[in-house]
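Next, two complexes with subunit A in common: one pairs it with subunit B, the other with subunit C.
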Partner chain A sequence: MMGKLLRQPWVYSFGAAIAVWLATIAYTEGQGAGAILTAALSFATFTIIVGLGQMMVITTGPGNVDLSIPATITLSGVIAMKVMDEDTGRMAIGILAALGAAAAVGAFNYGLIRLLRIPPIIATLSSSFLVLSTAISYGRGIRIKPPEPLAQFAGAQVLGIPIMAVAVLALSIAMAVVLSRTVYGRSVLAVGQNSRAAWLAGLNAGRTRFVTYVLSAFLAGVCGILLSGFSRGAALNMGEEFLLASIATVVIGGTSVAGGRANVPGIWGAALFMYLLVTMLNTFGASAGVRLILTGLMIIGVIVLAGGEEQR
Partner chain B sequence: MLKKTLACTIALAALLAVGPAMADTKDKKIALSNNYAGNSWRQAMLKSWDKVTKQAVADGVVAAADPFTTSENQVTEQAAQIQNLILQGYNAIVVNAASPDALNGVIKQACDAGIVVVSFDGIVTEPCAWRIAVDFEKMGASEVEYLARKMPEGGNLLEIRGLAGVFVDDAISKGINSEAAKNPQFKIVGSVHGDWAQEVAQKAVAGILPSLPEIKAVVTQGGDGYGAAQAFAAAGRPTPTIIMGNRQDELQWWKEQKDKSGYETMSVSIAPGVSTLAFWVAQQILDGKDVPKDLTVPFLRIDQDTLEANLATTEKGGVANVEYSLADAQKVIAGK
Partner chain C sequence: MNRRLLRQALPFLTLAVVLAATFYVQPRTMSYFGLNLMLQYAVPIALATVAQMFIITVNDLDLSIGPFVGLVSCVGATLMYGSPALGLLAMLALIACYGAIGALIHIRNLPSIVVTLGLSFVWLGISVMILPSPGGKAPDWLKALMAVQTPWVPFPIIAAVVIGAVVQLALMYSSWGVVARGAGGNPKALTRAGWSMLRTKVVMYMLAGLFGVLSGLALLGLTTSGDAHVADRYTLYSIAGVILGGGEFTGGRVSPMGAVVGALTLALAGSFLIFLKISPDWQIGAQGAILIIVLALRALVSYGEQKR
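Right, the complex of A and B next:
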């Protein structure tokens, strides 16, 4: 039983998250133990949302990655806030507009990859310049506040558990079911493992990838709307830190970078680990240099541990 | 032969005669080389540049004043951009640099080509260029000075720093810490990096807050005060005195708290319109004026009584701003 558990790649990211949390509260002598977890859950949810999208993209095979996530988060946040313009009655239309724009970015990304045959890493990077420029020119006057219900939803807690974390848990379970039980999810795995074999088996690799890129951009859009609700306003640099975070959570969480194997629970462990790690180093009063070095070393450590399984 | 010499002499004499009077910049072209545009401060900076220089071009003060921004905030990219500007024949380049020393090579090339280079905000260390610098240490120290007057009994401070590895962050933090050392009633009990972004600051503060004792005040670097306020509210802790950094969201929040409960703080930052100061300084150098290589920009500080006036003139999502005039530039040059 224990051996079986240890072979699950996601166990390591959770283990690391718990270890870091224990180290933090040992240092504070127990003070704020619960509050730190609440904060970690609140902030990790954003990383989890985009991490799920990035996971699907990476799973569709070597070379597939979405670098336009930060720009899409910003665009969606800016559009949502601007269309809603602090008016509760316009919330629905704002959400639709933002998600529509985000999905369009995903479709555009795939268009660049498929029609113009540009490698995904270049295609999504260059489209992110276009997207960010659009956000800047559309958004000029930026930090517009969200309507109150949106802000309240994004910040609401019950007994120290953020409502949003519960919603994202439901989303994660849905993603896990999609991956293992639906034709689309299985196609993602099959295409990622061997694109040609999947094609010979009659799967449409093109359509699978198209849906995946749109899904990733769509989730980035969701993240943008929620984030601008949570931090009460959209800003042009709001997506910046999610580029590395989205990829790191996927990798630390045990999803195969070569594609074909996804891991949903690992995203949670990794996102919590990354947040708690920074919290721990802040609490210890480590200087920025030390913090960056330790963050790098610990990420490498977890990946080495989690990647210890035998090669196939 | 004689005719030709004569013609030359006359031409030369004419040139010499009108020499001083020709100290005129209407044929001169000035370029702005900017390394980043992705936040509200930079957006306001570009807007101010646009507004002031368009008017200057329309008035015939200079022939052109074109802004150029690189997309990636990278030294190599900005170096290539400045090389292009040299080839395009600009007479002066006003630069907000991605690095204080990595651009020195290309800045030297520009100087050697006879181009006036004026750096501001992100300044360069190449000696041939002019620098319009901010005394960031003094800015940091002024925050603690304010707190020492406001709460003589002192207390615990939380410091929010900027982007690690950028010299501005080190300078402001140094000012804060050395002034706090002079006022031992204050103790900095925690320090996080907020990267000058509200979301990042909120995240970092929310993480460290549970482990901290009561916080009396938060010293910041600008662009992080509103995020800090959100984090305190979310944690259900009493709101400390948070020093603001002139962003509209920060001022708006301050105004709401002031109306509700008489909340008091102050706000200090650099006006993004400093780009227009750099423009006028470049124009003055082209005009043949004697300008010292190192100039200092005044801070834009907002206090309890000037809050409303500044908030009214700051657009949604923007930064409190002033645009500089030629007269302001002359005052800064004269060192007043």
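Right, the complex of A and C next:
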């Protein structure tokens, strides 16, 4: 039983998260243990949302990665704030517009990959430049607050547990079910393991990847709306940190970079680990430089411990 | 029309078109001084692109090259300014680090993306500790080297051609180069033929480290002071440069000369967009559009090639 558990890739990320949390509260002698967890849950949820999308993209096979997530988050946040214009009555339209734009980015990404045969890294990178320019030009110099209900939802807590974390937990469970129980999810795994074999088995790899890229962009859109609600407004650099974070959480969480193997619980562990790590280093009073170095070494350490792909 | 030839010529044609367009929009750039000014920052970008190319040759990807170049500029502006010997030692240590990373990635079979992602934090952290804010001074010889006025042809162009030609010779026309590219093309066959994958990878990573160091020093010679964040965009530039130059992410298919040309194109596109006076909001977007257009052309050209 124990041995089986230890072979699960997500165990490591949760183990690392718990270890870091324990080290933090040992240092503070138990003070703020709960508050740290609450904060970690709030901030980690954003990373988890985009991490789920990135996980699906990475799972569709080697070379597939979505670098346009940060730009899409920004675009969606800007559109949502501008369309809602601080008016609660316009919330639904704002959400629809933002998610529609995000999904369009995903479709555009896939168009570049499929029609122009551009490698996904470069395709999503180039499109992210275009998307970012669109966001900059559309949201020029405005600072609009989110409607009150949106801000309240994004910041609400019950007994120290953020409502949003619960919602994202439901989303994660849904994704896990989609991945293991639906034709689409199984196709993602099959295409990622062996695209040609999947094609011979009659799966439509093109459609699977199309849905995946749209899904990833859509989730980035969701993240953008919630994030601008949470931080009380959209900013043009709001997506920046999610480029590295989305990739790091997915891979530390045990999803295979070579594709074909996804891991939903691992994303939670990894996202909490990354946030708690920064909290721990802040608590210890580490300087910015030390914080960066240790963050980097921990990321490398976890991946070395968890091990790479089996030699084939 | 020979499509393969056309495909190989495409990076050069792209550069020619961007150059012609720049001359058309701003005729004054068509001079020794103008070209020098526009292309001087292309030298460090080209060096970083070549570094990235070595990693891509063995099917890996280096997400840490930008912060690494920044770190080199910080070390160069502090340690190397005070004591050249210590500075040189530090550079050698950095190159050795790259070799060790290559070994680690190979032995544990780790995803290079994640390891180099972690490394990018490490490099940035060290830089920030050395120079919390931009500062320091470039060694005088470095400044002199980057400001050298060559007769007839501006220095950046000569530098780019030399870099491209040397790496082209080593990687494309030497027996060692064939083994190195084979490490990306078919690692299994390489191992069965008795070559050490570990050694090949370590050498390629160290070469990447070497060119990263050269890039950082070249950049330092131009900016004359160190800055941890000076090269943050280099990671993306270098990847885009390799691909623009006709390289592919897998299979050891790269083109050193193409990579250098790709880097020049990217650097030039920046100036071109400024001359066009398009709104600053769309500067980044226009760069994305240029990338897409070039790659679309390539897809068009190779479409016929693959059909046969």
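A few points about this structure:
One rule holds for everything that comes next: the second predicted complex is superposed on the first by the 306 of 312 C-alpha atoms of A that agree within 3 Å, B and C clash if a C-alpha of one lies under 4 Å from a C-alpha of the other, contacts with A are read in each partner's own complex, and residues count from 1 in each chain.
Methods note: contacts are C-beta pairs under 8 Å (C-beta built on N, C-alpha and C of every residue); 3 or more make two chains touch, one makes a residue touch a chain.
Predicted, not measured: the structure shown is a model, and the values here were computed from it.
Superposition of the two complexes onto subunit A shows a clash between subunit B and subunit C. In the superposition on chain A, no contact is made by A:8 with either subunit B or subunit C. In the superposition on chain A, contact of A:295 is made with subunit C only, not with subunit B. In the superposition on chain A, A:62 contacts subunit C only, with no contact to subunit B.
By the touch criterion stated above, A:194 is placed in contact with neither subunit B nor subunit C.
Contact with subunit B, but none with subunit C, is seen for A:241 once the two complexes are overlaid on the shared chain.
Contacts of A:132 after superposition: both subunit B and subunit C are touched. With chain A as the common frame, the single stretch of subunit C that clashes into subunit B is 219-227; none of the other options in 201-209, 219-227 or 255-263 do.
Within subunit A, the residues touching subunit B in one complex and subunit C in the other are 129, 132, 136, 140, 288-289, 291-292.
Of all residues in subunit C, those touching subunit A in their complex are 61, 104, 108-111, 113-115, 117-129, 132, 236, 239-240, 243, 248-250, 279, 281-289, 291-292, 295-296, 299, 302.
Per the touch definition, subunit B reaches subunit A in the complex via residues 37-40, 43, 71, 161, 164-165, 190-193, 195, 197-200, 202-204, 206-212, 226-227, 230, 234-235, 247-249, 315-318. Listing the residues of subunit A that touch subunit C in their complex gives 62-63, 65, 112, 115-119, 121-123, 125-130, 132-134, 136-137, 140, 244, 247-248, 251-252, 257-258, 287-300, 303-304, 307-311.
By the touch criterion given at the top, residues 24, 27-28, 31-36, 39-40, 42-43, 129, 132, 136, 139-144, 155, 227, 231-233, 235-238, 240-241, 275, 278-279, 282-283, 285, 288-289, 291-292 of subunit A touch subunit B in their complex.
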